[in-house]
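Structure record follows, encoded as structure tokens.
Chain lettering (A, B, C and D) follows the sequence in which the chains are written, and residue indices restart at 1 in each chain.
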Amino acid sequence: MKMVPKLGLADVRVMVAAAEREAKRIGVDMDIAVCDDGGNLLMFVRMDEARVSSIQIAIDKAFTAACARRSTRDYAASAAPGQPAFGIHASHQGRFAIFPGGLPISVGGHVVGGIGCSSGHPDQDEAVAWAGLNALAAVAP
Amino acid sequence: MKMVPKLGLADVRVMVAAAEREAKRIGVDMDIAVCDDGGNLLMFVRMDEARVSSIQIAIDKAFTAACARRSTRDYAASAAPGQPAFGIHASHQGRFAIFPGGLPISVGGHVVGGIGCSSGHPDQDEAVAWAGLNALAAVAP
Amino acid sequence: MKMVPKLGLADVRVMVAAAEREAKRIGVDMDIAVCDDGGNLLMFVRMDEARVSSIQIAIDKAFTAACARRSTRDYAASAAPGQPAFGIHASHQGRFAIFPGGLPISVGGHVVGGIGCSSGHPDQDEAVAWAGLNALAAVAP
Amino acid sequence: MKMVPKLGLADVRVMVAAAEREAKRIGVDMDIAVCDDGGNLLMFVRMDEARVSSIQIAIDKAFTAACARRSTRDYAASAAPGQPAFGIHASHQGRFAIFPGGLPISVGGHVVGGIGCSSGHPDQDEAVAWAGLNALAAVAP
């Protein structure tokens, strides 16, 4: 039977801590979520000034990136009106996120989860998610 | 631990009464909702001719404005097709309102809740919500 | 075509004010909801110390009493394990309330809505709902 | 306007860390959730061997304890068949938890949130939640 890598809580903490540091550095408190390859939540942190409405959105971005194995930014194009995936944002009871801030987490070519950030401009959200990915790559290359 | 202001029912009544008066003045019966900073309902009034389909929309506008800490009007631009937040209206099982009529309620620089109005043209809805905000500012500046 | 009575906001205010007075008299702040004969919300008030988890329950009690045209207390017996309606509490996505505190509002033999109260012991909730019904009967006999 | 205390992320981390330590001590990996007084998530951690099905249950226990301002254990009695609150577990789309493991977080007489733990026997879940409460009391008495 095939062996696949699996995120542990220690890995996830590295990602979340790095994302928090980046959020602090740019001055935007964020909601930060990491889920596994099944879209199930591993860790969530709400920074003090992060938006309440971004809790679910951060979790949804992590879910979408992990389960679709793509950056949520990629869907901005394909899910736009007139494009092939238009309407997909309403799937999963509205949990399918199609704006930047959700990134798949890959280890050795396998998607092992997703990280989602929300509360700032979508470009900021994505930069904070990248900080999490980069930190994991530094410890689990 | 940080201390934050909290809306009481007496404050909320002032807002709802002023919103009702403004709705009557412009001749459009409305659904009027006020929620706290966690998006939980504090008070709701359906004026006699307000729309049944606007009950949930008024509540959703209050929820969105409180939890995103922005006027729902602001999302009309950023959530339009081709814009960074397109698709966000489907989040929270469709409860994220992206048209005018929901305003955050701020006291001393803190968002303590949201007011949402619905049944008229979105500009009318927002004018009625403003009447509520202004009445609160007059008693709790 | 048949004519049916319809609750106006003025009637609803009489009920909610009386329910609030009774809640204050017994010293238990409550969530108080009134809906119309279609189960759609007419008015809601959260007293200052009422429970956040009782917001939805008060609304659900009003909905159930109005639409089933029975006191929610009546379902405690028929929806008990082994009884004919066991399981009905899970219908309507869990909105069907089967414990005391929701009463149908009748005018001239017609059910025109429901009132639901929550935050205390179910017997207290029901007493507060009765105060609302009695106040309406005094002005619209 | 009334001022109330509000949990910050630093407080929440103290609670979650203590809950994790207690879970390790008893040898049962847990899902641990903390939410604010509006039932909105502040932090969530899934320990490596915690159950996937307990993610939502831990979050629901935190939600229920915070919003009902009672231990979820208290509902085991009042929500049993034949008791006054039977059926309440189906409210809030099934999110109302009526078994041990969710505790309200009180500071200076105010409920500021809830902590919920799940994956073990309900008594174990509750013991781990208590470890979180005790740790907060030690730093914010």
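Throughout what follows, a contact is a pair of C-beta atoms (placed from the backbone, for glycine too) under 8 Å apart; a residue touches a chain by one contact, two chains touch by 3 or more.
Keep in mind the model is a prediction, meaning the values are calculated, not measured.
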Pair of chains joined by more contacts [C-beta pairs], B-C or B-D: B-D
Using each chain's Cα centroid, which is most distant from the centroid of subunit A? C
Separation of subunit A from subunit C, taking each centre as the mean of its C-alpha atoms, in whole Å: 43
State, to the nearest whole Å, the distance from the C-alpha centre of subunit B to the C-alpha centre of subunit C. 25
List the centre-to-centre spacing of subunit B and subunit D in whole Å, with centres computed as mean CA coordinates. 30
Residue ranges of subunit C touching at least 2 other chains are 52
Can the chain contact pattern be summarised as a line, a ring, a star, a complete graph, or none of these (other)? other
Can you name every chain pair that touches? A-B, A-D, B-C, B-D, C-D
Which part of subunit B faces subunit D closely enough to touch in the complex? 1-8, 11, 36-40, 107, 112, 140
Subunit C contacts subunit B in the complex at 8-9, 38, 40-48, 52, 55
Where on subunit C does subunit D make contact in their complex? 51-54, 56-57, 60, 75-76, 79-81, 89-90, 93-100, 121-123
Can you name the residues of subunit B that touch subunit A in the complex? 37-39, 63-64, 66-69, 81-82, 84-88, 90-94, 96
